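Take a look at the structures listed below.
Both complexes shown next keep chain A, but they swap its partner, so chain B is in the first and chain C is in the second.
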Partner chain A sequence: MGHRCAVIGVGQTHYTTRRRDVSMAGLVREAALRALEDAGLTFADIDAVVIGKAPDLFEGVMMPEAYLADALGAAGKPMTRVHTAGSVGGSTALVGASLIQGGVHDRVLVVAYEKQSESNATWALSTHLPFTSSLVVGAGGYFAPHIRDYMRRSGAPGHVGALVAVKDRLNALKNPYAHLKIPGIDRAMVESTPMLWEPIRYLETCPSSDGACAMVLSSERAVTGTPAWVHGGAMRSEPIFRAGRDTVSPQAGIDCAADVYRQAGVTDPRRDLDVAEVYVPFSWYEPMWLENLGFCGVNEGWKLTEAGATALDGDIPWNASGGVLSSNPIGASGLIRFAEAALQVRGMAGEHQVDGARKALGHAYGGGAQFFAMWIVGAEKP
Partner chain B sequence: MPSEPNHILEFPGGYTRSTGPVIGRFLTELRAGRIVGVRTAARKVLVPPLEYDPETGEPTLTTPGQTGPVRDPVREPALSYDFVEVGPAGTVREWTWVDPPRKNHPLDRPFAWALIRLDGADTSLVHAVDAGTVKAMRAGLRVWPRWRPDRVGSITDIECFVPEVTTIVANVRTAYTVTPGGALGRYLDGLSRNVFLAGQCPTCRSVYVPYRLSCPQCGSVIDDEVEVGPGGSVTTFAINNLPDPRAPQVPFVSAYILLDGADIPIIALLAEVPAGEVAEGMRVRAVFEGGTVKWFAPEREA
Partner chain C sequence: MRPVAVAAFAQTTHTDHDTGLSEPELILPVIQAVRAQSGLREFGFTCSGSCDYLAGAPFSFVSALDALGAWPPIQESHVEMDAAFALYEAWVRLQHGDVDSALVYGFGKSSLGDLREIMTLQLDPYYLAPLGLDQLSYAGLQGSAVKSDVAAIARRSWESARSNEYALKLPEPVETAPITDGAAAIVLVAGDLLQERTDLAYINGIAHRIDPHYPGMRNLARSASAAAAATAAGVGKGHVDVAELHVQFAHEETILVDALGLGAGTDINPSGGPLAANPVMATGLIRIGEAARRVMDGTAARAVAHATSGPCLQQNLVAVLSRES
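So, the complex of A and B:
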């Protein structure tokens, strides 16, 4: 892995439906300044900036990194834009970390954002390409058939999706930055909401959020404050159209997890990790990723969820922050997972802190479940 | 609605009003496109300005830059009014929505009467706010005057106030001229003959539809063309309750269909069957119309 890398600052905006009071530049700067404040640094202490966001069609700003350089104090510094669809936040953190691990820089600012209120992501994901009768309506329309396939294969009872929807929203009540706050949410409430893309109900779906997240990454010699050490990082991708591709448990996800576990010395993720922040934009993806990430055997993921293993007081809490189901500024969502993992091992997660968290997984996926990005961070030096 | 009047009392030509030194200055400034208030002895800025301080009853005369007791302007001519330019923007303090507007209201569309605290003022001005919709109105809303071009020295020189610019619409429209490439051209040519053309990888033997020139798995060049379908099986599906321009009626079913002979499913509209009756493994067949696939439908028993 090369040189050691640590997270020394985390900054988030309060995720919400519409941030009409700020421009895109103002939004990313807000997160960046909070991350710098957390690290006790200023823009002058930063060597390079890495920025990520989801497709440009979401806001209709082409190459926003050019426009946002000023707001992120990047004048005269290397600035890189990363794009891997929904996993981009995770990829952004890993590109930033690689600049430290490769010994190129001592401090890198990584930022990711989405301002979904400027447009409509479902529209942007449903554009009709010429010469094709392919019919996919939004992310939900794409993922619903694969969820249905999982339910059929695993024999999971139909209420498991609602359990995840409730658990993550209850966690969100403890996170001051979370978008959806639904006091009193329960299974009956979730199950009473309409099917948008059957089998996905309204409350089993992530919200559309405006927001940005930023982290300051540091080399060992430049650490300030409380570090979260990077124990491993990995990215994988696979072709979306490939004969025999398992769209329920993609090979790229399995391979990515194996790589990051090997780097971090994790042999049994359920036992060796204390908390996981995993990209779950539709509730059924919790049991699906539990299996893909090796927290249990194939077709067993729903049993962990049903037994409460992934609850805040379970043996392996998933998405203590409320997760993507509670806040989804798409391009930032992956970086938020990575940042929340860092907050947990720094002991700075506040009310949703998992007691004694020493090692945490951050996970993101994107596109047609074809891009994966993961890291493991720890309280101790690797 | 008030009834139509049956008797009118009106002084021919209208009454005059002498404006005095304070209101006159206010109206003169309005004609010039500015808004002024007057600063009282207690250093408060009254907008609209008043000749007499409502808190003390004294003339709003001051020695500019000084606070102190107010004296008689006749005996102390050095005193003067301290006019202060305010605004032009302000903040809505209170408001009420008018819908529908009456004939003699300042706007011919629904609007708000609002108490507006102009920047730099200590009192509020009543004026109309052209917000478009009641949803745009709130206490704290920032508003700016919309001036009439032909000003005469009247409060109606400000036609109304309008919300600050907080959002602009950026129309992004990119027009393409798209022509299908070689592989897609062959596939479309097949569809026009009601045939699905696929390509078989010479290395891994997988059959890809639509027809393509290279294998996404192993990269081998594909030049082995095979026909697949038009029958196939549903592998999985979604029941969509959100309408789409391509499928405006909900619910509609988007299904992954593995065409007979293919190794990769295509996703397409499944019709001619109630959504609740669709199941994995269901046999379906393409329905062609106008040289392309209209949708898929359940295979009928012969």
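So, the complex of A and C:
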């Protein structure tokens, strides 16, 4: 993977339903300035900017990097726009890291955002290419059948999804940037909310958020402050319409995890990692990804969730930040996972810090559970 | 930097109308062609460029994976930019040293919508897009800022395109790049794969830069970002035999020739350039392919390729190619 790369700055906006006080440019600049402040740097110290977001239809601005170049101090520099569906935030971090690992630059600013209040993401996702038909409404409509298949295969009891929904929202209460803050949330409250897409209830799905996240990535010689070292990064993609594709536990996810674990020297993720920030937009994806990522055996994921292993005080906390279930500026959600993993190993996660976290996984997925991006960051130099 | 070379290039026979092919159907033949040319079936990294707004639906690149037959799953990424920028990402990825081949492709069907108005959506949504300037008005603004013999540029491009079997068969010269559907693909190789062939087009330098978005912040008669990218790519280090420039409006050629410091001895857009075929999102990649092709077949010793993105040449990529690593 070439030259060493470290995260030296993280910046986030508060995630919320509507940021009426800022433009899109104001939103990304807010996150970028906070990341630069964290790194003790200014825009002048940045060599290149990489920006990611989910489909342009979400805000109605086509290829918005052109417009956002000014707000991100990119004029005169290289700027790249990444788009790999829901995994884009993770891919954006990896494309930025690649510029350093490839020895091209010393400091790269990566930014991802979504301003969902500019439109309606569910309907933006429900249009389709000319001459094709769309059978589903929104992401939940697409993923619910896969969840039902998981429940059938694994024999997981029906309440496991609600447990994840409660756990992540309790974590969110400790994260100042989280969107959903629901004091007193419990299983009964989740189970009392309307069914959206069987078996996904209202409180088992992610919110629509406005927000941006940014990181300053650095080469070894340009490190300032407290670094989180990149121990491995990987992307994998598979075709959405391949016959026989396992949509419950996609091969691309398994392969991507194997690649990033090999790079980071992880043989048993549950034991070797201290915390994981995993893209869980619907509650049931926690047990599903526990299996896909090899934290347990096949059909065993729900047992870890049920036993509390993934809670903040469990042996392998998942989504200590509250995760996608608590904040979902779609295009940024993957980058937030990667950034929260970095915050944990830098010891800078605040109230949701996992004590003594030394190695953490950041994970994102997108499309029809077919695009995967992951990295492992550590407190020690690899 | 680690030596990287273009080993294969293919493009569709471009059309000025929708032939009924879906995007995967458009891509498949060029992917097959570069696989055959390079002798490679699988690639260490894959990167593509496309734009959702051309199809008017999100995730236009998702179905493209079906054309690749991405199984077992592949290391793959995508830029919502011209595929020339995807090639840059692949070149960076090859610098890591762990993979030796990359597939890059781009595709676009601008016949599906009103491209001129769609491009308006690329502008600052608060202060510029509401003015209602379409792509032509914007280009006209820049064109009026520069002295350029646009008729001569249009005629030369049109005449050059006659020997380009992939270009549109336009009845007369045009100063504005025509609406075009098409796709293109390139294979990059590095490491041991460089030893297998002697006719590769090495990328001696590649760089890109962006300018401020607001036209009022720029001198529209010049392109500071193109000049900076050309310097970083090393254009001025030797004679340039051929330059393939991403000229969507004839006057842009004058600005770019100046920014890249190209002299009278350089053959500009021998393919006819984008004024003869402009499959948006693949057009920039085709410039790199056309430049590489001339290096590979020996008609040029050293060639320059240019790609652009954003209104009025806001962002520019420059690559220098030759037989020498």
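To be clear about the criterion, the second predicted complex is superposed on the first by the 375 of 382 C-alpha atoms of A that agree within 3 Å, B and C clash if a C-alpha of one lies under 4 Å from a C-alpha of the other, contacts with A are read in each partner's own complex, and residues count from 1 in each chain.
Just so we're on the same page, contacts are C-beta pairs under 8 Å (C-beta built on N, C-alpha and C of every residue); 3 or more make two chains touch, one makes a residue touch a chain.
Bear in mind that the values here come from a model prediction, so they are computed numbers and not experimental data.
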| item | value |
| --- | --- |
| Touched partner set for A:152, first chain B, second chain C, both or neither | first |
| Which of chain B and chain C A:197 touches, first, second, both or neither | first |
| Chain B versus chain C as contact partner of A:60, first or second or both or neither | both |
| Touching partner for A:258 - first (chain B), second (chain C), both, neither | neither |
| Which of chain B and chain C A:239 touches, first, second, both or neither | both |
| When both partners are placed on the shared chain, which of chain B and chain C touches more of chain A | C |
| Touching partner for A:144 - first (chain B), second (chain C), both, neither | first |
| Partner chain(s) touched by A:102 [first = chain B, second = chain C, both, neither] | second |
| First (chain B), second (chain C), both or neither touched by A:182 | neither |
| Partner chain in contact with A:348 - chain B first, chain C second, else both or neither | neither |
| Overlap of the chain B and chain C footprints on chain A, listed as residue numbers | 60, 128, 130-131, 239, 241-242 |
| Interfacial residue positions of chain C with respect to chain A in the complex | 1, 22-23, 46, 51-53, 55-63, 65-66, 68-81, 85, 88-89, 92-98, 112, 118-119, 121-126, 128-129, 207-214, 217, 224-225, 228, 309-311, 314-315 |
| Residues of chain A that touch chain B when the two form their complex | 20-21, 60, 122, 126, 128, 130-131, 133-138, 140-141, 144-146, 148-149, 152, 194-198, 200, 239, 241-245 |
| Of all residues in chain B, those that touch chain A in their complex | 166-167, 170, 172, 178, 180, 184, 188, 204, 206-208, 216-217, 235-242, 244-247, 251, 254-256, 263-264, 266-269, 275, 280, 292-293, 295 |
| Touching residues (chain side chain A, partner chain C) in the complex | 1-2, 23-25, 54-70, 74-85, 91, 94-95, 98-99, 101-104, 124-125, 127-131, 234-242, 250-252, 255-256, 367-368, 370-371 |
